[in-house]
Amino acid sequence: MTTQVAEANTPINPVEPFLRMDRMPHIWCPGCGIGTTVNCFARALTSSGYDLDKVAIVSGIGCTGRVAGYLNLDSFHTTHGRAIPFATGLKLANPELKVVVYSGDGDLIAIGGNHLIHAARRNIDITVVCVNNMLYGMTGGQVGPATPNTAIASTAPYGAFEQPFNLPFLADSCGAVYVARWTSYHVRQMTRAMREAMAKPGFSFIEIVAPCPTLYQRRNRLGDGLDAMKYYKQRSTRKDGASTRDVDIDFQGDIVVGKFIDRERPTFLQAMNHRFTERLGSRYTPYPTGLED
Amino acid sequence: MTVDPKGVLTGHHYLDGDHACCEGALAAGCRFAAGYPITPSTEVVERISARFPMIGGVFIQMEDELASSIAVLGAAWAGKKSMTVTSGPGFSLMMEHIGLAAMTETPVVFVNVQRGGPSTGLPTLPGQADMMQARWGSHGDYEIIALCPNSPQECFDLTIEAFNLSEKYRVPVMFMMDECVGHMTERVIIPKPEELHVVDRKFTSRPPGEYLPYKVYDGWVPEMVKAGDGYRFHITGLTHNEVGYPAMNWQAQEKLVRRLIDKIRKNADEIAMYEEADTEDADVVVLSYGITSRVAMRGVEMARAQGAKVGTLRLIVVWPMPETKIREIAGKVKAIVVPEMNYGQVALEVERLAGGRTQTVLVPHGGGTVHDPEAIARAILEVSR
Amino acid sequence: MATVELKFGGFGGQGVILAGIIIGKAASLYDNKDATLTQAFGPEARGSACSAQVIVSDDRILYPYVSSPDVLVAMSQDAFTRFSPEVKDDAILVVESELVDTSGVDPAKRVYGIPATRIAEELGRKMVLNIVMVGFFTAVTGVVDREAVRRSVRDSVPPSTINLNLKAFDKGYEYGRKVLAEA
Amino acid sequence: MSAATQAGAVKKKKKKYQGRIYVDRERCKGCGFCVEFCPFGALELETDYNAKGYHPPFLAHEDKCNGCDLCGLYCPDFAIFSEKIRVED
Amino acid sequence: MTTQVAEANTPINPVEPFLRMDRMPHIWCPGCGIGTTVNCFARALTSSGYDLDKVAIVSGIGCTGRVAGYLNLDSFHTTHGRAIPFATGLKLANPELKVVVYSGDGDLIAIGGNHLIHAARRNIDITVVCVNNMLYGMTGGQVGPATPNTAIASTAPYGAFEQPFNLPFLADSCGAVYVARWTSYHVRQMTRAMREAMAKPGFSFIEIVAPCPTLYQRRNRLGDGLDAMKYYKQRSTRKDGASTRDVDIDFQGDIVVGKFIDRERPTFLQAMNHRFTERLGSRYTPYPTGLED
Amino acid sequence: MTVDPKGVLTGHHYLDGDHACCEGALAAGCRFAAGYPITPSTEVVERISARFPMIGGVFIQMEDELASSIAVLGAAWAGKKSMTVTSGPGFSLMMEHIGLAAMTETPVVFVNVQRGGPSTGLPTLPGQADMMQARWGSHGDYEIIALCPNSPQECFDLTIEAFNLSEKYRVPVMFMMDECVGHMTERVIIPKPEELHVVDRKFTSRPPGEYLPYKVYDGWVPEMVKAGDGYRFHITGLTHNEVGYPAMNWQAQEKLVRRLIDKIRKNADEIAMYEEADTEDADVVVLSYGITSRVAMRGVEMARAQGAKVGTLRLIVVWPMPETKIREIAGKVKAIVVPEMNYGQVALEVERLAGGRTQTVLVPHGGGTVHDPEAIARAILEVSR
Amino acid sequence: MSAATQAGAVKKKKKKYQGRIYVDRERCKGCGFCVEFCPFGALELETDYNAKGYHPPFLAHEDKCNGCDLCGLYCPDFAIFSEKIRVED
Amino acid sequence: MATVELKFGGFGGQGVILAGIIIGKAASLYDNKDATLTQAFGPEARGSACSAQVIVSDDRILYPYVSSPDVLVAMSQDAFTRFSPEVKDDAILVVESELVDTSGVDPAKRVYGIPATRIAEELGRKMVLNIVMVGFFTAVTGVVDREAVRRSVRDSVPPSTINLNLKAFDKGYEYGRKVLAEA
């Protein structure tokens, strides 16, 4: 039979070169969706053909925030909410780097919300992958800015009642040049979106809806990670180019997925070079943007 | 030692302390700055925003101080010398990232032009009441270095020194100006590039695979790398081992945090910078720092005029304290008089170090203006009797 | 002259501090003296009181603030009311004559006035009133060398406005010479 | 490569590719994603536990696997992957 | 003649009861637009007929941030960027209060951006008046998140190059129930908008474009406050109900003004009461919302 | 003294320190809480979110700690007793608002369940290294009160005390737990409402017009008002006069900030809470606080078993320090041994107060677990020889 | 109310309302908003300075003022306002 | 019994800490003893090691951690491997028999095993495996009174699951009696 326990002489998992295998097993719970997204990200890197020495990954704090620590790249596990401004400094100081921010909904949109909207506005040339498990996983399942109404969370024991953000709409309103949403069920589409987003100059944002079986699924009696995946499969509708205004997510409701925004505008550094050149002429030597070829 | 001559505005200038600090940073090789406006520090970044485009630096005004204080860490890990600039309220917002810089041993300079506090306080008037915050303001145990200039010229000279120390010890350095020094304009002489002493970042010479980011190969401080060079390193604010990976136990904590502290405490005498004068046969020594050291001199002169035998010790590096020196002085004078623009901060440490062998006399002042020199003179005369 | 203490006062928008800087720079860079300038401004810079203090000395300056000025330059009534009580007995008072009422002043004091705002308006930009005052100050006090100040003006204003400002300086200076001559 | 594996791989089938599956039993947390989303229903979970108490998958229907590696892409624990091998037909 | 210097026996300015006259003159520069907005706000209060003892005003830090200090209400001058969360605590702890946040673009949208988007999302029942003078006034005219491209600012000496926020779009994307923009030229419309916004349950947001003659106008050689007012008059177009997506402001370009959003949804406290009642039934006593009648 | 019985869960419970702290707050009359999750403090707000709806309180989980730490000030000015809860990194983000609370004299409780630091450090393991930060972490000069419980029962009892002190002195009170105490579960006895001592807010009885918000009519502390009562008061973080209006000069600063400091420092002996035992004829006194006080007892017993004469002083209120008491002890023992889960914080102040009259011996520990009692015993034995 | 004011107020006009204008000269910062946006062009700036160096407005054309108080609404310094007074016609 | 030290270990999701709380509460509230529970968990709670320590004593408990347990309850191999070296010489080892291999243990030690996971799965919810362990522990150690623990279980689980949990407790307890009887 073809099932085989990994041994010294078996081929290695193709994602292993992208991971810090000396840190496995990772901390994520059984059926947690984060691992699947990382798996896809590793494959997006494979197929993108980037020099991995020039790809840096930045996370904040959270279950998803641990991603940076597992990827075999220059990787930064920063403070809660501040991955984007750290990434901004990193990118601006060395534009040759491809910089990806990989973090959770709480990290990026609760405490980090301000940085998200400003980086999008400035069109900082980074890719943000937001794993939206609809609560704060790491700290034990508190309600967050993406928790749907009526869902139970540890600080919303009688059900959440604040309207959650519509993340694509928010990113859109601030000028992100690439905005997409997928779920952890959509492994191939997500992989492609990650590749596209990294290739896109400017601020790209991918929301990935993913299960937190330990806290979200369990507290809401929604079964385990697999049940979540089945729900995503069943209730997701792909609508590329949908108006971001219309893609809210309700508790166990339909999920609109797809690529919503893909537009062109100068990155922060391109705009800076343009401005300074226009104003200072030859007194100004254009700064590298990472987009020269 | 490599000085990028583009950053050095050699010549005689009439500059305020804020502008001089900017020139110091440029001369030190700072090529990334992130800031957020706040009185009385904004002039530093205003000048940076005008000067950087000409010399290949990038300045970004971030959305707040949380962002600016971590953007500079990102830039540092991309290999640039970087700094951020603020005053009291903004400094309070930077505390988490001072801790992150200390924990990850990121060389970076935080400039705080002190104003009257607490809270919004007296935004346009001087104070020196963020001194303890500079040392203790972030959670957990760590050590930093803090310098206090007392003139625009020193704002230039010591900003370079701040960068040098941050590189040498891989530690965030607090450049603690005050509104008076920051907005005081005087002649500033900027030497030729080749006359400057600038410390380069010590990047490892070991190849990837033979290098561990938090292993100390030599002395107290690990060698640094930067993103993009193939090391595939990991940096975290969690307690970590030599590889840089999280290590969640007290042994790792003891090993790491102890070293972070010791690399500064045990080198305090080497880091120390102070100006000592007339202490040999003094009855009283006036210990001061920043603008107060200049104000105190007038008090000292007044007291001398009345016959007091007064020496002076001006701290340039305030943290870590020159413990050996202060203990030595405590052993031979009747009193140490400490005027500071607060209600007792540095004086507490002086008193502790004096260990009862001499009296420590605080001359407090809430800020809003500098001391009345007579108050200092009175304090001196009282204890020299 | 070992040390001369100057105070410049007015309200936000008058360019009070720049006036002080021009004098300080002139002394420090072009007249072989030490000069320390400190400023007091506030949110009050938004239209209310602000001031600059300059100490000019042949020696190293330690204490940076002025306690009793040798010269007070007052560009507003407010500044005059606040600062004139502090001046030295033999101080010189230099005022914007249309904005400052000096009638109550000890007649022993030397008071020199100039309608700097109006002169500036006549020059086409009210904003240069501070430079008019600088010129006037230079003439009536003689604290800093005229050429040093003129060079300092040139150094301290936006390039496109150098001519206008030098004209303002000269206007003020001439007005000062005239006033002195008449006194 | 063990003999057992090769034996499986050379079984004659009407398709061009066949899959070879590798499972790291101890790394698996038994989430079942691989089993559920295998387009051909080739996998099942063992009834045995691994050391952590989870049931890892195995290739229950080796004839159904074409090596598409979707199981590998889904696995959140990097515990399974497949190789596609050409099969003569 | 009817011109008259105010004397003891002359009638007092009708706005004086709304102002802390013991703090006049205020700190704002000649021709600064902030004073005009305050004038309108005082009149909005007059005509609204609220019990002024129950109206509280909260400002952050900035030139506009000084507004709280000049209004004769319970008034709070907080920290830079944090007026909204302070107001949130104030309102939730005493829903009987009508709470208005009055602050500047830097305060509310740079450092305070995160609080703005979250309060809008939660539909906290407060009114936010944002005086947008397109830079940081108080600190001396630095570039900000509303500075139009190419405009000169003290930290953008060669002209701003970051794309500014489109504030109504941002507020809209987060769910604000009332969103309007006016300029300081539109004194009557602004007054009415303030009245409407205060009457509206939930998070209402009014952007008021106003001149900063001292810093913005002067540095950009745009004349004084009056010149700005003339520009507003000339280049503003009223488009009530305009799609917020289309109301960007360019440097000295057209300004779309009007009421863009006016929608209904439960306030934070209404949603809370609804949720808890649904879940806890009679074990829960509804909390006052300030909207009972 | 009015206790709202709805908040009092009278009975015997098996609770961890975090949950007990929540019950203490409810019993103290806290009816507004704002928080942001962070290990190891989150359980406090989790319980609050479940309990408040039943008793008429409002809990809001804000978007970050900046927001939660100022929302509680807003609520306080609306007349509610309020609190926020966090741990190290969140505490660092609250520093600006601790200063605002101090400056505006807003009664409010900040709970910090300390974990290993600096930076993200050891999120799930204990530390005591935020003690200096609690006192000095915000810019400018100010004073706060800080309490350290050592058991779940004390988490209940002293949370009430924290609220009481914050009302009495109109000062932000830092409730400095640690992960060990926060996650330790023991029996907690909650008395009947009528057996509790709860201090009400002292609202002014003067009518509008005859009242100034920052005038001290009596003692050290001004009387308070709340929004909506017709006082039309103004509150600012700027230096202010008695009316509450900004006053931008050093005289106003001296008057205001001096009082903010003195109302705590001059009342230190009254605020002081400590447990003293066996100090009369001791050679050595072990001074400790929080969980370390329990761990130290084992060390003390070990040392006693070897003949050492050891007394103990357990600080319950750590800031302000009981200076009189510590000076007194310093005058009669050979050494004060200070074990703390940091590399020397409270010990510095002890050493200062000892003023050389006795030796101060720090027994440091980086956190991550509690001290090895033997290390404490060894330190005692070494100095008692 | 001074006699001068009353004299102005009773001037016969063909409109029903007439304005009475109050200016706090020292509070005025001479921005000119009131002058510019008076719908009837009733105001002008003085040539005199106030103590701060600004030119305050005055009712240059009293017949044109109808007391609409738009000047009062525009004034950023609360330095001007009007009263509408009924005039018999 | 003056003081008994207990350690419960397993991995995240097994309910290790709740097991400890139930025992501690039983002792503290219903069995006239003092009981201090501390817990060690981490981000590792997300699937990796976690543990609870309970000290049960007739006296006041000061030092809160357990250094060498009198009883180790190990629900995973990992916990067993890590903690079994620390136990007292005469300690009792209580293990999940299908997850923990105890073959290498000093035969002098008392080792009691139960297939708690499987029993819980049979009861319909794998999640109650910790309560099965608690029942088993109560039976084989006798540290806390059976009725006290049963009451504590009832007190500590969500109301809707009380019956299931009591059943799990009883299953574990009975299994324990049987094992003891067979031993």
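Per-chain numbering from 1; labels A, B, C, D, E, F, G and H assigned in written order.
Keep this in mind: contacts are C-beta pairs under 8 Å (C-beta built on N, C-alpha and C of every residue); 3 or more make two chains touch, one makes a residue touch a chain.
This is a predicted model, so every value here is computed, not measured.
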Contact steps required, at the very least, to link chain E with chain G come to 1
Report which of A-F and C-G is connected by more C-beta pairs in contact.
A-F
How many angstrom between the C-alpha centroids of chain D and chain A?
29
Just how far, in Å, is the C-alpha centre of chain H from the one of chain A?
40
Separation of the C-alpha centres, chain B versus chain C, in whole Å, is 36
Centre-of-Cα separation between chain H and chain B, whole angstrom:
54
Going by the contact rule already set, what residues in chain G reach two or more other chains?
29
Residues touching two or more other chains, restricted to chain E: which are they?
25, 28-30, 32, 77, 79, 81, 110-111, 113-114, 118, 138, 145, 158, 268, 272, 276, 280
Mark out which residues of chain H touch at least two other chains, giving numbers and ranges.
42-44, 47
Which bits of chain E are touching chain C when the two form their complex?
25, 27-30, 32, 63, 66, 137-138, 214
Interface with chain B, chain A side, in the complex: residues 20, 22-23, 52-54, 56, 58, 68-69, 72-79, 81-82, 84-94, 96-97, 114-115, 118, 268, 272, 276, 280, 283-285, 287
In their shared complex, chain G is touched by residues of chain C numbered 11, 47, 76-78, 96, 98-99, 117
What residues of chain B sit close enough to touch chain E in their complex?
35-39, 42, 45-46, 49-50, 53, 59, 61, 63-65, 89, 119-120
Chain D contact footprint on chain A (complex, rising order):
1-7, 9-11, 13-16, 19, 24-26, 28-36, 38-40, 43, 185, 187-188, 191, 224-226, 229-230
